[in-house]
């Protein structure tokens, strides 16, 4: 009779189609890295569009970029970097089989991720108020006749002012796509927290936490690229 | 045609299907709809893509009926536009892209590498559900009134000048893209990490190499389509102006982004078919594929080069002369590995011991028709020639030769070849040969006239045309009728064979490959014991030794 | 032949009178395109024959009854090299030949006569410099190079004349050009070959290639009065362009006389050759084309001017070149100076 598993201790989390835990872990990790590669290609399309249009309409991009709050952007960047730290600590806790610590770190990551999303919502709302949402209520008034807050900005001629709509289109597409990935991450985190509390990830099998960590770090890195490209165009203060 | 055959079946009076297999392991709808078994998922896919093939085929029938007469008299022009759009969308995204990978690949790749399942069975099931979800979106777009952008979604037509269900269709394809990505991801990890002991890369069947190359394309290319569709949907829904010249956007950017996926997509479609051909030619000439390494590497070369030729779809759109030169040169280079494969397959026949069962007939059909289709691709890659030929029926003929004459024939070849493995039963050989012949004749009659009418200048996507093109169109429609019969026959006799087909046994073709060393249909876990591989692929001497010593397990 | 059914007879007659494998070779470049096609068909037939022969021959020689035992052969590097290098060489010949043909079709000679084409859903509007307007038709003289400068008002279209073997995408937002020399009088199809919506298959027309005399008669008979350049002059005035582009030494904008076809230095230091596309884009997006030495104060005319209006302005500016004027006089028609309905002489005064 077959006894494929009898040669080694049958760990409870070993899926039956894998021969060893090692194989399972390596396959999961490889799969996650591949998935992240697809995400790079996904965002790559947006970055390509950004590079082309920034090259063509640089003055519009400068002025558009200055409309973003550098304070909120920096704050959000710091929040995300911290959340990557808390996530890494969570992976560490999982390795050390410390259940309560793991849950703590995951919750911290969740909170920081939510703060990020909250700040993003504030920023989007501000854009709506200022009529900078392309297609829906876009107005170039601010760029042809800058208000007092932006009086250092040179007023743009109408044709270049029209191009700011391209900048904001890319702003919303890129940060929106990023925010969508954050929302997905946060949702998965909720599930992971529940399962971590039940002890699933402190048995020595931490592949799930590791792989989620990879995803979270990736979303963080995308932001690290988005922040300077969108917020920091020609800021010489 | 010779009457010799390689088929060796167990004695039919005493033979029966194995008591336990993946088909009767568990019963009930839930056991199928919540399965993790790659074989069951393959069958789910097979049923689904056949369903969509019928719908896409019906669309094709409507197109050909309309084109019987020069006037647009069968349906309104808007309706015709919707019909050819749905034909393209369904055939490309819901049939051709998943055809071999999601059915034959899903079924066989774990077995071929010696594993019990793919690396991620749940992702595999998710992939199927995403496919169904995508299919529902597409059907919704169809039923709610259709979409008439053409399968290429050209902006600004699709974003600002149509009021059909573009968003629904776009979202449907977006979801289908993720189905494809997950399949490819699964294959790559499986082939890398789950090969049985002794199964080195260069002992893998060439079918695995082809699917591996196609999976790389799926994983790297499809996300770009996804983001492009997202931008089109956003532009339509809320009016962002990334592709709108009135807002500073560039519609040519859409073309670049779209074709960056859609060209590799054609290699996603053809490479798995080429993998099937390698297996079939080898089995029915009793020979190792000539130049195994060359064929394996040519698959990877096609995948790599395939990423660098996309702008050959844009030669007349105003790309700079220099980029036109570069892309034309690369297009010529990407044609070479395909030529290498054709010659290697032909050389495999040399000093073989050839029989002409149905899979082999389809494989021969593939070789001839793909040669024509591929060479006409060279016509189109040649810049000055492309000016006259692009956007005409020459293009339509070209891609149908490679996709239908090539890929679909390879799919049918594979279905017939592995049918005994998947179901435990043989299909009726006489009828299947008739169907293969009918398909071949019908295909040529349908699509060869399109080369002629294309050179004469008849444009694509025309509901009405000048009367001097009618004769060719009538021939084409006549051929389509024959072709339809050729496709209908397998549906009928394959279904019939499920109950009445001869019992196949584990290795009716006496083929090499791990899948033929296990029972038909296979057990859920594929192998009773993990196989240890100590021989090369296509090792017919090893096989002869095996048969002598009756090491195979039965039932 | 009364015993053959009428339907079948009609079919045969249609076939015999209309059956052609190629469109008529009605332009200078058509024979070259056909030559490349013949070459490609030839190598395809040879390639197909080789493959079919190998399959057929081996199937017969090595069928199971005749050769029950297969001989295992690993491969042959020599063969691999052969069937890699020979196809590659043939494809390279195809590449070079095709590239040369492409450059010929898309690079017009300098003495080409210009006709503007505006595509819109679902018609083609052609405008001759002398002011002749056509819809879904194009009258051209034979044996004279004609350049089409094209743009779309809405979606992608594609202008195709199979008999001339030329085709070019017609895009919103930028000009595309193609040229040809008609060599055979007659009427040939114009097709739109880029799917553009409901009436895509009806966006067709006819190009009428005429002898030079007939062409002159046609231009005389169909001029609407003002040439494109004259329309442009009117627009130039009504849009107030002259207030900055007055041609005086202290003008706010660069002088437009002699500017067409010459190199201009931009504010960022680069040099640009002034062509139709440059002129059009500067009128619409002046901020992207700031000329060195001038303040960036030109307003945009986006939304205030149609594609036809832009063509008129471009023609007007082209006519400010004395060279160009002379050329156009030679090229388009002497008839312009004698056109009865023409206001003025059709030659723009400085």
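The letters A, B and C name the chains in turn, as written, and every chain counts its residues from 1.
Note that a residue touches a chain if its C-beta (ideal position, glycine included) is under 8 Å from a C-beta of that chain, and two chains touch if they have at least 3 such contacts.
Keep in mind it's a predicted model, so treat the numbers as computed, not measured.
**Q** If every chain is reduced to the average of its C-alpha atoms, which one ends up farthest from chain A?
**A** Result for the farthest chain: C.
**Q** Please find which chain has its CA centre nearest to the centre of all protein CA atoms in view.
**A** B
**Q** Mind checking the centre-to-centre distance between chain A and chain C? Centres are C-alpha means, answer in whole Å.
**A** Result: the chain centres lie 47 Å from each other.
**Q** Go ahead and note the Å separation of the Cα centroids belonging to chain B and chain C.
**A** Going by mean C-alpha positions, chain B sits 37 Å from chain C.
**Q** Going through chain B residue by residue, note those that touch at least 2 other chains and give them in order.
**A** 250
**Q** Give me the residue numbers in chain C that touch at least two other chains, ranges are fine.
**A** Residue numbers touching two or more other chains: none in chain C.
**Q** Multi-chain contacts in chain A: which residues touch at least two other chains?
**A** Within chain A, the residues that touch at least two other chains are 57, 162.
**Q** Name, in rising order, each residue of chain C that touches chain A in their complex.
**A** For this pair, the touching residues of chain C are 284-288, 296-300, 302.
**Q** Spell out the part of chain B that touches chain C in their complex, as residue ranges.
**A** 2, 4-6, 72, 77-78, 81, 148, 150, 154, 156-157, 161-162, 245, 250-252, 285-288, 290-294, 315-318, 321, 324-325, 328-329, 332-333, 335-336, 339-340, 342-344, 346-347, 349-356, 364, 367-368, 371-372, 375-376, 378-379, 381-388, 390-392, 452, 455-457, 459-468, 470-471, 474, 540-541
**Q** Provide the residue numbers of chain B that touch chain A in the complex, in ascending order.
**A** For this pair, the touching residues of chain B are 110, 115-121, 123, 181, 185-186, 188-190, 192-194, 219-224, 226-228, 230-231, 234-235, 238-242, 247-250, 253, 257, 260, 525, 528-530.
**Q** Can you list the residues on chain C that touch chain B in the complex?
**A** Listed in rising order, the residues are 11, 14-15, 18-23, 32-33, 36-37, 40, 43-44, 47-48, 51-52, 54-55, 58-59, 62-65, 67-76, 79-80, 83-84, 87-88, 91-92, 94-95, 97-106, 121, 154-156, 158, 160, 162-163, 165-169, 171-174, 176, 189, 191-202, 204.
**Q** Residues of chain A touching chain B in their complex?
**A** Residues 2, 4, 15-19, 23, 26-27, 30-31, 34-35, 37-39, 41-46, 48-49, 52-53, 57, 60, 133-136, 162-163, 165-166, 168-170, 172-173, 177.
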